[in-house]
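In this document, chain identifiers A, B and C correspond to the written order of the chains, with residue numbering beginning at 1 in each.
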Amino acid sequence: MYVHRLTRYYLVGLVITSLISALAVGFFLPRQVVAQDASVTITLGSWDDENGNRRHLAAIEDFQAEYPNIHVEIQPNPGGDWHSRILTLIAAGELPDIYMVDSSYIPLYVESGGLVNLRPFIEGENGFDPEELFYPSVYENGFYKGDPYVLNKDYSTVAVYANRSLFEAAGIELPQEGWTYDDLLDIAMQLTVDANGNNATSPDFDPENIVQYGMDHRGDWWRGFQTTIYSFGSHTISEDGTTLDGYLNSPETIAALEWMQDAVHKYHVAPTNNFILAQPGGVMPLFLEGQIAMVFGMGPWFLSMLEETPGFEYAILPMPHGPGGHHGAVCWAGFGMSPTSEAKDEAWLLLKALATEIGQRHYSEHALSAMPAMMEDKVDHPFWSTFIAEVEYLDPLDDLRNPYYLQCVGTPAGQQITAVLFGEEGANIDAAELVNSLLPEFQQCMDQQGMVESSAEEASS
Amino acid sequence: MATADKTDATPALVTARASRVRSPQLSQSASRLIGRIVTYTLLTIGAIIMLFPILWMFTASLKPEWQILAQPPIWIPSEWIHVQAGDTAQELPLYAVVDSATGERQEVIRIGSRRYTTALEITRLTEVLSVPADELSATTATDVDGVIFNVRQWQAGDGSTIEVVALARDGDNLIVAPVETLRPISSELPLAVVNAGSRAEYEINGITFRGRELDDGRIVVPLGPESELTVVAPDEIAADARLVAADMIEQDGFAPVGNTEVQQYRIIDGPEDEHYVLLTSEAWQPVMDLETLKENAFVVPNSELSGDDSVMFSDDILLPVRTLERDGETQSVVVLLARSAQSLVIPREQADSLRLVPTAKLALPFVHTMDGFAVRYKDNFVQGGERKDVAIVGERRNMALITPLEHIARAFDVEPAALSPVLVPRLHFENYIDALSRDLGGATFFTFFLNSAIVVILNLLGHFLSVTVVAYGFARLRAPGKDFLFMLLLATMMLPFPVMLIPTFEIFQRLNMINTLWPLFIRSFFGNAFLIFLLRQFYTTIPVEMEEAARIDGASTAQVLWHVMLPLSKPALATIGIFTFWWSWNSFFEPFVYISSVKNFTVSLGLAFFQGQYTTSYHLLMSASMVAILPIIVIFFFAQRYFIEGIQLSGLKG
Amino acid sequence: MTLLTKRFARMSPAARREALTFYVCILPWLLGFIIFVAYPMFRSLYLSFTNYQIGRTPIWIGMANFERLVRDGNFWQSLKVTALYTLGSVPGSTILAIGIAMLLAQKVRFVSVWRTIYFLPSVVSAVAVAVLWSYVFNPEYGLINSLLALVGIKGPGWVTSEDWALPSLIIMSWWVIGGQIVIYLAGLKNIPNEFYEVADIDGAGPWTKFWRITVPMLSPTIFFNLVIGFIGALQVFEGPWILSGGRGGPNRATLTYMMNLYKQGFELGSLGYASALAWVLFVIIIILTALIIRSSSFWVYYEAKR
């Protein structure tokens, strides 16, 4: 039925040719950027967007003016999930020589073998004295178990954005450093107004038809809420990073949660988390429209946006004092070095340059710098100065106490504790009960990873 | 569900005779017409639903950034009209207000606003009642002789109804007083005036009221409701606006406008009776063209500068003008930036482009390094229709934009809700140019398009080479184990992708292909289960006889494939082509995992550039997205006919 | 293997040559299968029995990952979410796609334009879609709630509400059906016109024709799309990931199976545990597909084999 002659050879030829043409070229073509002459290429991993990368490029240009033999290539990762990417690259041994690290992940990367201890470099022949150059409270956010792994690129403290026109119209003076959570609630009540023009202090106030909220909250952003917990006098995990019980459910933590829960559900001065989530552009458009008088616990990221809004008058207020005083958490980005880098000495030169003047000159334009010297023009700035003043109240993040804190506690706590208590259905939920019911699950999640580690050690010994 | 007789080649209905009475013939054309109308109506409704998001994207791509997320939504891309204030670099936003009486529309600028509340002079109140809250009706804002009260109805014990106003809460009770006792001792006061008073408490019948003690000694309790009045004026008043240093003016009382008033200012050291209204007060910054600075500015040691350091460039621009002696020549220079040892200066005659602009327009500056001096500059600064990079020099200074009070005669008061922005439709095509021409870390969108094209072409090549052959094997040839292998092929369509992610990554790493385009196309040379399946199904519909005829003529398998099967499978090949194009063009996850260098980015990956950590450039994202989907739309439009013919599933047997 | 050689021995030379040609033909796919499918699958099967933290070496721990999974609240939650999503998304999109395909199969003017319009939503980039849907579902100004307000209904909070977030995702999935429509259109084209002509002669109404001709003749296509649809829905990742900002919120209401898996593997770095999760999903998919295929003999109509 079938006539076969050269068929097989024909087909074999076709298939083999296509495979070989595909594969062979893959093996023999050079694919990595191989620098000509004697220069070295250092890769720089960045999660920044287009704007941020322009700053990297400018910094690299200045760096190369000084070190013409070191070529730097940016490996950007726009909009993507940077952390997952880093984990994948660690697994594959393909990390860029220098890469950006969010401080919350430092412990996990160190434990996974993704970061080099920088102490030998700092103390080495091309080293410098970080204590002299940096704010200690900022520098220490790059530490894990007593060693520096990451040097700061930039960071953000949080403060309170206030709509100055609403304050002025209501004749309320802008609060100064030293104000308290009670003051905050008091002001927020006066600035919360319903559709009839009655504010939250009035017996006629209608919480169902609020047109202007006195304040807001950061919803499910746990790192943001940590600032409030610290201010109420607690941390969320023991100092050695092992235990949540007695911290996450301490009376102070619960008091902090209940304060915000009451602000939302009892006094109605802040919208529910659902309301905030429903805003396509986040809370900032509402703030600009005068529907929220104070944006509570927000970083300086929106200063440029506000500055560009014509005719909008605003002020930046310090964070209020809680029963535990004035404390702050920090959003911190830095540069770390890959253990698989083949040119660690050159990589260090770049890392040092970016963390000190050459890089900071550029990065400090839109964020805070760990170098006080780089923020001279911001110290007198009406808005930046408040964020800078917060630096001295910083506590190292709880995230730095356990490699799995963020994934096992931070993110789920935001989702299942703050988002729920400050959410639509949060009015009748007992904060202590909720935290205690979730605590074992969080603890177990961290311990699972721990169990895994100890069993790994047993097996290897 | 209708089950058909599987042994029969036609559906059950064809053999079953209809026994129903047939409907009259005359309705047939009518029912066909109705059918058409229904079809088109449904198609149109569906199309609107399907098109809406694309339309939204398209309009968004033509909007300035702030309009995209505006609430309530602004549908037509527009521009907010601003008027220039005097001859300054400041522009004031225009609002429209419609006169409720005449219906006349007027364009105005805002010059101030005050908030009012109903305030009760508590010391003159003698009697209050404590009433259970559930005995009171809901509140109604009622105007009582010019003062607005939150009035509630109360059914008193004797059956009569009394109008009362709630003053405070007392547990489940409300403290109330009859409205007629309140009216003589209440008035509308500016909220700022009330809250400026010091806190004071006053007790009536054992109830403590928290109020404010005003400057004149009165103790008042703000009862609400609050209301606001905004003062606006025709935009001509902006023409006379001028800039003065903010510390040169001081507040000096209020000027009445309609039912409200506006803060007035005078210039310190100026005439007593000359008053101004304040339009804006903000920080202004000296700037100059970056190009001019790069060409003409230079660094000198401070020791070489001499001359009186109190001489300034101008009254407003406080940059010192010094004398520089060099090579025997004397030169007058403006000090742009001063450090402890040296300064960046520019010759006096080259400094014409120095000017003041509002600091607000200089957000997110960059840094240009010049002889060790970090010069901050704002890129693409727009002034007078021109785009330029401007260097930020000297110190910022608080400046007030003021206009003479005489203009107040034409000002009037409105409720804030009556104001709306003056928008003029304008399509911002420059978004497209901006998005496509930007340097995104060493590459532009053009590079991304090129990379995507390379990946797509190689994928097409790979699939055509492999899929056509593999599908033929599964469609026509018999061999032991074929059914098992076919099941295996189908099963690969069910694999969850993360299972294989890390091992696959390891493979490409061993092949030294990470951060190249190779992982994005190499696998297509090994076929694709779904496409092999599709083509195999199509092959089975080609009559075996045609192939046999070729065989009898002595054709080999390869010749049969080339001369018989492929020409007859054009629709299926088009289908494979479209699917391949669609997937590899849109693929985000794979490039995301394998590509690190910008120069190897694909379009879908490049789009994410406009999505930052905290902010998204929505207008650029949308315009780039529109360009990115264009190729697929075009290809689908022209190839869809073959696309649909190429899909053959009827021969499929589970 | 011996069975195979025995069969070869019994074959005629022509049949043997044909078999050889077959193997040569499928060689590219077979190679690709071994390198890019079989090997990764078996490696991940091995990993599922190990403790493999990213950056460490895998260590055999037997069934511990599977024991942990039974106690894991996120696992059960994600399974529930995925099941509900699949039950909502697949039937809805099937019905819509068939309806639209039937409309497009009519003799309408500018048919290529109509088809392109219905195909459009399937080509928009995910990044842009995310911005778009947050607008459509906005409780206050969103398109859906504005329309509901016109008829006097106060719409729910959609993506922001724990109860409505998942239904929002399901509605979103109904919109991206371009691929399905195309396949149904192809199926409709393959129904011989004579069937309808005969039915017309017999005086059958449109409804009868739909149930007695279209559905049976389309059933293989429906079957195919259902299988692909179920597999796709059980692995849903991108939509919920983007809409919830990668968090699966509010309060885990949109935490799908794949999202949980991805988080375990690529956020916590537990590749061993993630592999175990992946294999459990794979087994679930295999079982479900087998069930659908089994059931197909009851409702899928096949023409007599050629």
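What we mean here is this: contacts are C-beta pairs under 8 Å (C-beta built on N, C-alpha and C of every residue); 3 or more make two chains touch, one makes a residue touch a chain.
Nothing here was measured: the structure is a model prediction, and the numbers come from that model.
Looking at chain B and chain C, the chains in contact with each of them are A.
When chain centres are defined as mean Cα coordinates, C lies farthest from chain A. Of all the chains shown, the one with its CA centroid nearest the global CA centroid is B. More contacting C-beta pairs link the chains of A-B than the other of the two pairs A-C and A-B.
For this pair, chain B with chain C, the centres built from the Cα atoms lie 32 Å apart.
Computed centre separation for the pair chain A/chain C is 35 angstrom, with centres defined by C-alpha atoms. Each chain gets a centre from the mean of its Cα atoms; for chain A and chain B, those two points are 22 Å apart. The residues of chain A that reach two or more other chains are 1-2, 4, 7-8, 11, 15, 18-19, 79, 88, 91, 279-280, listed in rising order. The set of chain B residues touching two or more other chains comprises 71, 465-466, 469, 501-502, 525, 557, 607-608, 611.
Annotation for chain C: residues touching 2 or more other chains are 18, 20-21, 24-25, 28, 31, 127, 131, 135, 140, 262, 266, 271.
Across the complex, chain B is touched by residues 4, 7-8, 15, 18-26, 28-33, 35-37, 39-41, 43-44, 47, 100, 103-104, 106, 108, 112-129, 131-132, 135-136, 140-141, 143, 175, 182-183, 185-187, 189-190, 195, 198-199, 202-204, 206, 208-209, 211-213, 215-217, 220-221, 223-224, 228, 231, 235, 258, 261-262, 265-266, 271, 274-275, 278-279, 281-282, 285-286, 289, 293, 296-306 of chain C. Chain A contributes residues 1-2, 4, 7-8, 11-12, 15, 18-19, 79, 81, 83-84, 87-88, 90-91, 108, 111-114, 220, 273-275, 277-280, 404, 407-408, 411, 415-416, 419-420, 423-425, 441, 448-449, 452-453, 455-456, 459-460 to its touches with chain C in the complex.
For chain A in complex with chain B, the touching residues are 1-8, 10-11, 14-15, 18-19, 22-23, 26-27, 31-33, 43, 45, 47-58, 61-62, 65, 73-80, 85, 88, 91-94, 96, 165, 168-172, 190, 193, 196-199, 202-204, 279-281, 285, 289, 299, 301, 303-305, 307-311, 361-362, 365-366, 382. Those residues of chain B lying in contact with chain C across their complex are 1-4, 6-7, 9-14, 17-18, 20, 22-23, 35, 39-40, 42-43, 46-47, 49-54, 56-57, 71-73, 465-466, 469-470, 472-474, 477-482, 485, 488-489, 491-504, 507, 523, 525-527, 529, 532, 540, 557, 582, 586, 588, 604, 607-608, 611, 616, 618, 621-622, 625, 628-629, 632-633, 636-637, 640-641, 643-654.
Against chain A, the residues of chain C that register as touching in their complex are 14, 17-18, 20-21, 24-25, 27-28, 31, 51, 53-56, 59-61, 68, 73, 127, 131, 134-135, 138-140, 157-162, 246-252, 262-263, 266-271.
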